[in-house]
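There are two complexes below, and they share chain A, which is joined by chain B in the first and by chain C in the second.
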Partner chain A sequence: MDILIGSLFAGLLIGMILALVALGLTIIFGVMDIVNFAHGEFLMIGMYTGLLTAQGLGIDPLFTLPVAALVGFLLGIICYFGFIKFIIRGPMVAQLLGTFGLMLFLRNLALLIFGSEDRAVHTGLLVGKSFDLGLGIIVPATKLAAAGLSVAAFFAVWMLMHRTRVGKALTATALDAQGARYMGIPTERMNALAWGIGGASVTIAGALLVNFWSVNPFIGLLFTMIAFAIVALGGFGSIPGAFFAGLVVGLITEIPGFWDFFSYTFDAEWMMDVPMTSFKYMWVYVAYFLIVVFRPRGLFGWKQ
Partner chain B sequence: MEAIRNALDFSDSPRIDLIVAGAIGLAIFVFPLFPHSSFSMSTMIQFLMFSLYGMGWNTIGGYGGQVDLGKAQYVGIGAYTTAVMLIRWDVPFWFSMPIGMCLSVGWSFIIGYPLFRLKGHYFAIATIATSLVLKDLFEVWDFVGASRGIEISPIEFPTPDFMRLLFRDDIYYFYVILGFFFLGILYINWFRRSRLGFQLRSIKDNEDVARSLGINVHWAKIKTYAIATAFVSMVGSFHACYVKNIEPEDTMSLDISILIALMAMLGGAGSLWGPIIGAGILIPLKSYLKEWLGAQAGLVGIDLILYAVIIMLISAFEPRGVWGIVEKIRRKRRK
Partner chain C sequence: MKTFVKSWISVLSVLLMMVFLAPAGTMAAEEIKIGVIYPLTGGAAAAGRELRAGAELAAEIANSTMADLPMTMAQNSGVKSLGGAKIKLIFKDHEGNPTLGADQAKKLILDDKVDGILGCYFSSVTKTVSAVCEQYGIPMINGSSTSPALTERGFKWFWRTTPHDKWFTKDLFELLVGLTEGKVKGVKAIPKKDIINIASACEKTEWGSHVSELIKEFSKEYKFKLRKSFLYAAKSADLSSEVRSLKASRADVMLFASYTSDAILMVKTLKAQKAQPKIIWGQDAGFEKPEFRETLGDSISGILTRTVFLPKVVEIKKLAGQVNDMYKKKTGNDLGGASARAFTGLQTWVAVLEKAGSTKPADIQKAANAIYIPGKELVVPWQGIKFASTGNEMGQNVLGSGLIGQYQKNKDGKIELEIVYPFDVSSADMIFPFAGF
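Let's look at the complex of A and B:
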């Protein structure tokens, strides 16, 4: 039983962080109708930013969030004005391969600069500590803090989108860019802002994730695919959808834990033989496939 | 007979194209007669292989406009079928290759049916997802060697062996793949003016209009996807015999899928010569960059950075590739 509750808990915690990862993607897609393949690479940059700032300044990784947010915001803006602006007019093929090129570029730049080895945070206020919640559930403190902070960041972005003038302008651009332009909204700047906010939210997620996840230059693709799955499930462009879908996908990544639970409960020999942990992320891809085939709108989607 | 005559009929291309293409084709054909390094030989084989991959991608991605980023899974199926059948049951290449093509096409029907209900981004990402699922499965499947992969050991299988397609000297491989290459060109030349080819182009231009003209859009896409798959799987089988050591990572990774799409995009998607031009530019570039820069310490990844810059520049400024530039110049001259 404790395995079951433990897996559930772990899945929900990681799901909250993954929701923040997907938030940037869904904002960018909502506002501009472009799918950013480099999203996972933004996350990777956020992770490196958190790691290097913490090590360089000797502060706790949890306090590097403002730096990560700034880096992500600038990165988003630079990518928009330096590159995305040019491919947005082209056909869809060019957009897809263009952001793909961006992904390859960032990944290999990181490889060139940081090398291919795994790096992880070893010191910190919370690193290595854990809470015992009873019922045999032990939660690492870093995960709990990261999940809590990512919910806070998520809520902040949600407030920004729904309670401020800028957020309204962004939503208007998302709904009808041409109409928004007639109403005097600088859509070009809104697009850039969407990239900035998207970049900032994903780098914050990266800086949170690096507390308990080692980073290397190739980590991006996995998170890009996870973010795609979340955004597809939640509905492209939907912010609350991204949150709930994040929790669902978080639970999907914990399928090996549930599998263990059921194989012990039923004492099923054949279930124990399946190397389920090797398939950990395969279920995310399967989930993406099933979602887009059977419900392309997602749970909360309003964009087709 | 009609089909063969159509395949050999290049009369709609300008004469200058044919002369250039013929000259280059002849140059490739006699290339091994001149002194060459084994490095340039392997680059040449790579070029021919990726031209064929690109031609396959070009049918669905170029003429059909469906951005498929999951072609690597069929490279994997083809390569693994040939390698596994050779190792386990001693089936020669020339029999296992068609079987591999059948398996790939079968799989492409299974996933193609739901896939082609999707469009645009959704389709592209879903093809990546299927490819990654298959790769994950192959990485734990003991029958095909899991993540260690399969090796066709030279001790067990003596060379040269034409039936099993195992040689020590690259020149034989060169002529085999060159044969495939010329057949591939003829096939694409037939394909682009076949009924399906015209249907596809109308689908690419406007799917709703195509449907209103009575074209079964879904089925046309699936058929073309199967053709593209057969191409890729065939070269995948060749890859197994040529490299003799295959793993999920180097046959089925996303990089291969991207590279395949990129060949066609760079050269000019939806044109007969596009994939060949693309492969002709990218493959030598990749090999030489890897040889010169990658080997030097501390410069790992710089070849891929340059690559990425090329992709970004093409997609930003000339989405129709090199062939698009050629056609633009021609149109200007005619005026």
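Let's look at the complex of A and C:
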């Protein structure tokens, strides 16, 4: 039983963080209809920012969130004004290839600066500590804190989008950019803001992740793929959808845990022999594939 | 003018005679050329320097007389049966590249006309170089490549002194059996049911997946229950579901084949998940790297790793201590796994030449197949050197053995590797069961 509850818990915790990873992607898509292939690279930059700031100041990466958020915000804005603004006028293919190029550029830049080896946080207030919740369920402190902060960040973005004038302007731009422009909303600035918020939320997720994941310049692709799956599942442009789908995808990555639970409960040899953990991300892509085929709008999608 | 020419002709002829006669005069002390191919530059250059120094030290000892060293090659200057011929090493660099290694081997054989080859550390390079040697019929001795496949090809000109991964994995199971029989220093015999459940997690390149297969084979042979066995990507940034799976298996013994960063991540995650198996064992590599010790600190106390040479050997084996002193004087460092095995590789070359009494490949081949060097003449803690000349492991030294070390805190509070296997050379009481993180 502890295996089952342990996996459930772990799945939900990682799901909360993955939801935050996907949030930026869905905001940018919602406002501008542009798919950012470099999203995972933004996350990678967030991870490096968290790691280096933490090591530089000798603190936990958990406390580097403001720095990571600022870096992500500026990165988003710079990318928008320096690059996206121009390719957005081109055809869809140009946008896809453009952000793909951005991905390659950022990745190789990171490779040049940081080298290819894995880096990880080894010391800190919470690193290596864990809570025993009874029933044999053990939750690493860093993961719990990261999940909690993820939810907080998620909520903050949701509040911004729904309870402020800026948020309303963003939503208006998302719904009908031309109409919004006629109403006096500076849509250009709104687009930039969407990139800023998107960038900040994903770099925050990076700074949270680096508490228990190691980072290398190639880490982005995995998260780009997962974020795509989450956004597809939740519906492109939907913020609550991203949260809900994040939790679902988190649970999907725990399928090997559930498998273990059943194999030991039934004491089934053949089940124990299946190396499920080697395929843990496969199920995410299976889910992605199914959703794209059977419900392209996603569960909460409102954009066609 | 005529006399001038005449005198020149006589001077020239005298010089010419000297040129032709000189080798005849020194024929007795001819040189024996051994081509040595190691990774002297590139990623493994540090290991390459160690290997080179180990081989050079062995050559120095062979070429001079050191009566106080209890090994045959130290007793005479040069190879006695070849009239005191000196060993000359010709080093070549393979940079970790199998193709370059093969080219270097061809150069050594065709241009330098070497009598034999020693090398190459990387199993992949040893594979191509030994194929070249096989083609030209030139003997090759390998001291430090551990891929089991190398001696499974039925080569006639290839001999390997180091034990390979199969042996190392077998050592582990011998240790487990030893635990149940009360053979382990400081541990009373424990019932087999206490350690019968095994789980393994190995990285998924050729090395790790091979070790994983070996663990499967041996757990069947030694009648242990392999409850969980899987491969993972060494580049994984997160191993928490893997560790939960290991924990879920309720294994008493957890086995790993990991490179550096994943070994650290694995142990960190085990710690975070409060895993507490009775034994944690790593197949060398990441588990023996200095970073592993530095990053994880005291928490690794009690973890086992297989290895081939530890500084502790020097304390137990007098000969190893003597050679270590010489090595330290030469390089400033202690003998390590790479240098000790390179030393032994060249020592074996000298012994084979001594036995052959000739540099003809066929004679060397015959001598190598019949060679026996007792363990007391070696710096490494093996029973000796004797090559299999038949069967499916042709050319493999059958008397080698690995070591299993355990991280323990010493008196000064520093984490050190103590030997717990083989039992007769164990340097400390084994910590059993693993006390948890």
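Keep this in mind: the second predicted complex is superposed on the first by the 304 of 304 C-alpha atoms of A that agree within 3 Å, B and C clash if a C-alpha of one lies under 4 Å from a C-alpha of the other, contacts with A are read in each partner's own complex, and residues count from 1 in each chain.
One rule holds in what follows: contacts are C-beta pairs under 8 Å (C-beta built on N, C-alpha and C of every residue); 3 or more make two chains touch, one makes a residue touch a chain.
Keep in mind that what you see is a predicted model, and the values were worked out from it rather than measured.
Asker: In the overlaid three-chain picture, which partner chain does A:120 touch, first (chain B) or second (chain C), both, or neither?
Answerer: Once the two structures are laid over each other on A, A:120 reaches chain C alone.
Asker: For A:281 in the superposed arrangement: first (chain B), second (chain C), both or neither?
Answerer: first
Asker: One more residue to check, A:41. First (chain B), second (chain C), both or neither?
Answerer: Neither chain B nor chain C is touched by A:41.
Asker: Return first, second, both or neither, reflecting whether A:6 touches chain B, chain C, both chains, or no partner chain.
Answerer: second
Asker: Which partner does A:83 reach: the first (chain B), the second (chain C), both, or neither?
Answerer: first
Asker: Chain A residues touched by both chain B and chain C?
Answerer: The overlap between the chain B and chain C interfaces on chain A comprises residues 275, 278.
Asker: Help me check something: in the complex, which residues belonging to chain C touch chain A?
Answerer: Contact set of chain C toward chain A: 204, 227-232, 235, 237-238, 240-242, 244-245, 248-250, 261, 264-265, 268, 271-274, 295-296, 299.
Asker: Help me check something: in the complex, which residues belonging to chain B touch chain A?
Answerer: For chain B paired with chain A, touching residues are 61, 65, 67, 69, 114-115, 117-118, 120-122, 124-126, 128-130, 132-133, 136-137, 139-140, 254, 258, 261-262, 265, 269, 299-302, 304-305, 307-312, 314-317, 319.
Asker: Which stretch or stretches of chain A touch chain B in the complex?
Answerer: 35, 83, 86-87, 90-98, 100-105, 107-109, 111-112, 115-116, 217, 221, 225, 228, 232, 275, 278-279, 281-282, 285-286, 288-289, 292-293, 296
Asker: Per the contact definition, I'd like the list of chain A residues that touch chain C in the complex.
Answerer: 3, 6-7, 10, 117-118, 120, 122, 128-130, 132, 138, 140, 142-143, 212-216, 218-219, 222, 253-254, 256-257, 260-261, 264, 272-273, 275-278, 280
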